[in-house]
Amino acid sequence: MSPIVELKDVRKSFGNLEILKGVSFEVNRGEVAAIIGQSGSGKSTALRCMDRLETIQGGSMVICGHRLEDAKIDLKALRRDVGIVFQSYNLFPHLTVAENVMLAPRLVKAVSRAEARTVAEAVIAKVGLHEKLEAYPEQLSGGQQQRVAIARSLAMEPKLMLFDEVTSALDPQLTGEVLKVMEQLATEGMTMILVTHEMGFARKVADRVIYMRDGKVHEAGSSDILRTPSTPELAEFISEASEH
Amino acid sequence: MNSAFIISLLQGLLGTVILSILTFIFGGILGFLIALARISPVAVISRGTGVYIEILQGMPLLVLMGLCFYGPGIFGYDSLSPLQAATFALTLYSSAYLGEIWRGCLQSVAKPQWEAAECLGIGRWHRMRHVILPQALRIATPPTVGFMVQIIKNTSIASLVVGYAELSYNAKIINNSTFQPFLYFGIAALMYFAVCYPLSVQSRVLERKLNVANR
Amino acid sequence: MTYEFDFGAVLGYWPLLLQGTLTTLRLTLFSTVFGILIGAFCALVKTGGPQWARTIVGLYVEFIRNTPLLIQSYFLIFGIASMGLRLPILVGATIALTVNIGAYTTEIVRAGIESIHRGQLEAAECLGLSKVQTYLHIIIRPALERVYPALASQYVLLMLASSILSSVGVEELFGMSNRIQSDTFRNFEVFVVLGILYLILAVVVRAGFSLLGLALFPRRRKLGTSL
């Protein structure tokens, strides 16, 4: 199996502050990888680099065949292959749920309105919100908005989905409905990388767990490392996380 | 460029400043009463002033100038001088806008504070004087300074119907004899700018300070 | 009091008043359309343009907002004429009003653009939208929707202020009154009639803007609230 995501010694600084100090890992097609770690460990920055919201300054990164350190990278092609969902949903407030989902296929892939509508209805049904097609974001709960955001990414038929702490802004009862959608995607074989605080979810769904600490991968492996960590730092992190 | 013309423009500027100050004083007093009447618990008064504001904000200042200039004579009073008529019209006009601005300020303080004052058993006037006004004043200062710019710009219209000799009027007269519109209207514009811009900046600075203080 | 009002003499000139009203509406319409275009463009420059362009737009906005429309009109219309350019007076008037309202529109739209959350631009970027697509669909549309009420009141003020153009010889509604006054000597009645006509116009223009708002912004139509 060939890796769809490959990071080698990736470095990134903001000013004098070095956030990524040589990060390396791989994710294969169809795998679910969970990146965990304290805030400030660089996990969100690493994820943002994968969609080139941040440019890396050292090392190499290949995402779905695109070389991210290449200055002449075809960003449009990269973003067609990669979908990303943010903590703050970032739905477009002036558009309905259906329009939010249809916008990118229509503008970027130039598909017809009818075709975009068909795709939108399918992905919105998939996240369980078919009765909310004509609602506006402000009429939805946070969990519903986040599901629409997932549907909006899915409509572009990405090969890889990135999730940046997508449940952190949600109440526990709303978190469940979002995680359920993500779990379903995982079962369908979508390649996913998620930055998350949900240890239980990572344990259940992730094929690969990457524990980041101080800008580096401190420990990585199958989800078994959450049960039997080999470094004391990960053990401590897990016990702290389970207290909350 | 002729120095006599520049002196004439400066005299015009003085006329502009005088009319602006008179308007601000009278318009401010009337506007304050309008703001109070607007939040009056007596429906007739608050609605009546609402209509007053609607009417004044729904017609051009030029029309108001005409009504103020020709009106008094018709109703049997002495006709007004250009300065009096212009001050009259600008006072009415400004009172409507200032009244609305200040009403907003009073009400934005009023809600929670009003109830607090009520609980303390303070009478209506006392509560206004000691609780509401000092706070409303702070909020009201930036938009009020901003509105002074509007007043100064509006005085230019006094040259048209009532023929009050202020900056625009003198600039127009000079242009009629020199035919150098870019030069003299340009200088007149710069003079307006020199008076208005510092006020605009001050209004923004005050507003930023207020926002910081409220954070 | 011995004065006898004679509104009949003034109202007898209704064809002139009607013609003036139509001119006022036409002036307002054209300067609104051009003003929005200028405002949207300058607001874009001011929020995302190169520094030199921001400076130019900043100077334009500050200069217009701190000088009276009357002087701006004199400067532009008499100035253009002094260069030997013979423009139809309505064109000159439209230019003066557009230059003026463009500056106010820039400031209002800029505030709208700055209220757009950064995350939405990021989402648009990640969905693969181009810069132009992002500007049109994710920035300017919701920005205009958000500041629409402020824009509408600014354009009602513009309609009222267009009366000032009578002083450079435009025969809009107020300009027509000069003719009626010199024919009838019924100055006060003329101003009363003008006042009422402008009040009606203000109501009509305001209603026009809210209808347009409902047509332009489906969200507003459906939820009935501002964005």
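Assorted remarks:
As written, the chain order gives the labels A, B and C, with residue 1 at the start of each chain.
Going forward, contacts are C-beta pairs under 8 Å (C-beta built on N, C-alpha and C of every residue); 3 or more make two chains touch, one makes a residue touch a chain.
Since the model is a prediction, treat every value here as computed from it, not as a measurement.
Contacts between chains trace an open chain of neighbours here, each touching only the next in line. When every chain is reduced to the mean of its CA atoms, the largest separation from chain C belongs to A. Centres computed as Cα averages put chain A at a distance of 46 Å from chain C. One finds 21 Å separating the Cα centroids of chain B and chain C. Between the CA-based centres of chain A and chain B the separation comes to 56 Å, rounded to the whole angstrom. For chain C, the set of residues that touch two or more other chains is empty.
Residues 117, 119-120, 122-130, 133, 137-138, 141-142, 145, 217-219, 222-223, 227 of chain C touch chain A in their complex.
Of all residues in chain B, those touching chain C in their complex are 55, 57-64, 66-67, 70-71, 74-76, 149, 153-154, 156-157, 159-160, 167-168, 171-172, 175, 179-182, 185-186, 188-189, 192-193, 196-197, 200. Partner chain C is touched in their complex by these residues of chain A: 51, 53, 75-76, 79-80, 82-84, 86, 88, 90-96, 103-104, 107-108, 136, 138-139, 149, 152-153, 156. Considering their complex, residues 1-3, 62-63, 65-72, 74-75, 78-79, 81-82, 160-161, 163-164, 166-167, 174, 177, 187-188, 190-192, 194-195, 198-199, 202-203 of chain C touch chain B.
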